[in-house]
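Quick one: the structure is below, questions incoming.
By letter and in written order, the chains are A, B and C; residue numbering begins at 1 in each of them.
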């Protein structure tokens, strides 16, 4: 608990109000997710101290950064910040930018840790260039390295991919994913892209008009039927799995999770390594019996937990997988099917999963 | 025909005055420019207007009020007498004080514009990289706003060299102390010594041209292709 | 009816033409120190003669340069006698028109009451911070002040304390604001209606310096200008002289 982040901010500007009271986990990536104007960037800036919210409260890992009478200025906060535009200093080389912050903290990255970060972000060959000689994606990678090199207690990222085109996004996303696996510190990640959330987030804070609509583990929030995520055309479930084994005969890899096992195409990943998968609600169908006469590979025992109408002909169903039905999975079916199968909460069924996509 | 000893004394005095004034203005003007560029205070308008006053006021008006203020009965004069340094008119340092007021907008405004055009982002980036305010100023603002400081220094220097009305009002035309080039030219013209006046005046024209040429060709702002 | 109208219009036109012929305009360049008396004189002049004197005030040195370069003045009232004489030599005036319209009186003045007595003791003692004089190279009052100091054997003592105004008006400003405790200024600056209005003063005896003559001259472009001739005549009349004297000038 002492490593958690506790943030309480109350801001009133003309036409905008931020009113949040959050406890966030001290590890993993927490996505601050919402439309533009929902207050997600303002919240991040309050955490950084770039925005002063009088009367606010902020503690990170047991250390108070702000309370009613006391405000630690940004430059005294052990944080790394990645802006939407890389915001490198144009008068310094990439190396100069990287070293700017390192010179100013006592226990900055050094030696192999630094080499590792530079390698992780693939900027080793760029260090002698000036920012105007770098592409947008390269600049953003340098900016991320610049923030990480401080070895901060908290990493803040404000839509780091939003200013990049699709190609650059896809160039950086793998670096961020690696970061996600490597990083010991909490990350607050502002985004409005469900795709980035699916790839990177462990926890989700859903912001609407400056207030927290919901906050919690990603898998849970994405499948809550009272939230817009589950009702979206692209609604999906995220499930954390572990590589359990490979079938070299059929070229398959088995991924275990608390509710069972998925089989996917052969992965180049060692046994025991984590793997995050995403499953589209439209790729999940429901049957009352476990059909072994079907081509569908992934059929998993499940319990109906909740149903909600999506439109006048479709329903979205939240299933619980596993013996205690603790792993949520969304399924989208027709209203007619729901009636025919007489689906009601508590009913035991089988989820037929047509497609499992690796998300990291 | 060339420069008389009096002309040379005036030139040397002028360069000294302009040099000291420029240095002082960079020291005094920078925090003012910084504040003007970044404040959201209601005082921004009034302070900005006061700084810009010398742009529109006839120098004689400024000179007249400085003469009153720095005189033995004026508030500044009372203060300097209390300090035991007498009154400032007719002294070199009086001219320096007057020149600082007179050339203030030429130094403050380029710096203010440069800082304003930097925007918040580099300052915020520096803060997230643990740089305190002073640190940020010297390692980020100064290098990035260098063209503005360059322009400010050159304009401040050139404008002080060209200053006339204020010096006339509070200088007292004392050789080697307050008789600067522009006053010397004026004296030559008034005394109908047109040949001597030409020498000095032409030198001023060429000097001013060279200064502005330097400003337009050497300034990193105009050299650099991309921001 | 129509013919009558025509006659009236013609009559009015003739009348206007006659008035214009009689009432002419003259542009006058006036030394700044003579501003106040000249405004009064010009008003009286217009009243008495119907001519209009359009006045421009400024530094005599600048007027000289402007006149040399074709400035449209017909009459020049200089602050000295040198510039009109020079213009005459250069053939830029109407020969024989030059005369002295006023003689300045030099006064040692302080803004402090009782600081200057009628023997100028304070000047002799050297007991003052600054002594303001007009630039002797440019202003006759300055040259006269230097002459007085040298004549009294005080130049060496006074020199480190001298501050110069570019003209007599600025010199007066230095003294008036107290920045210079003493100043050699024009009596016309401290006198109104025949009395010294403030501070303390010593009227410098005329024998201590060359007379400070202010000369007037008709410029070449004023040749044949009836108003110019009339103005010169008017300046030498008793009425104008009385006005000039009331402002502290001799004549």
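Convention: a contact is a pair of C-beta atoms (placed from the backbone, for glycine too) under 8 Å apart; a residue touches a chain by one contact, two chains touch by 3 or more.
These numbers come from a predicted model, not from an experiment.
Taking the mean of each chain's C-alpha atoms as its centre, the chain lying closest to the overall protein C-alpha centroid is B. In this assembly, the chain whose C-alpha centre lies farthest from chain A is C.
Each chain gets a centre from the mean of its Cα atoms; for chain A and chain B, those two points are 56 Å apart.
Computed from the mean C-alpha positions, the centre of chain B lies at a distance of 37 Å from the centre of chain C.
A straight line joining the Cα centres of chain A and chain C is 89 Å long.
Shown for chain B are the residues in touch with two or more other chains, of which there are none.
Across the complex, chain B meets chain C through its residues 64, 67-68, 70-74, 86-87, 89-90, 168-170, 172-174, 183, 186-187, 189-192.
Those residues of chain C that touch chain B in the shared complex are 59, 61-62, 64-65, 86, 129-130, 132, 135, 137-138, 162-166, 170, 173-174, 177-180.
On chain A, the positions that touch chain B within their shared complex are 48-50, 73-76, 79-81, 83, 85, 87-91, 100-101, 104-105, 132, 146-147, 150, 156.
The part of chain B that touches chain A in the complex is made up of residues 121-122, 124-133, 135-136, 139-140, 143-144, 226-227.
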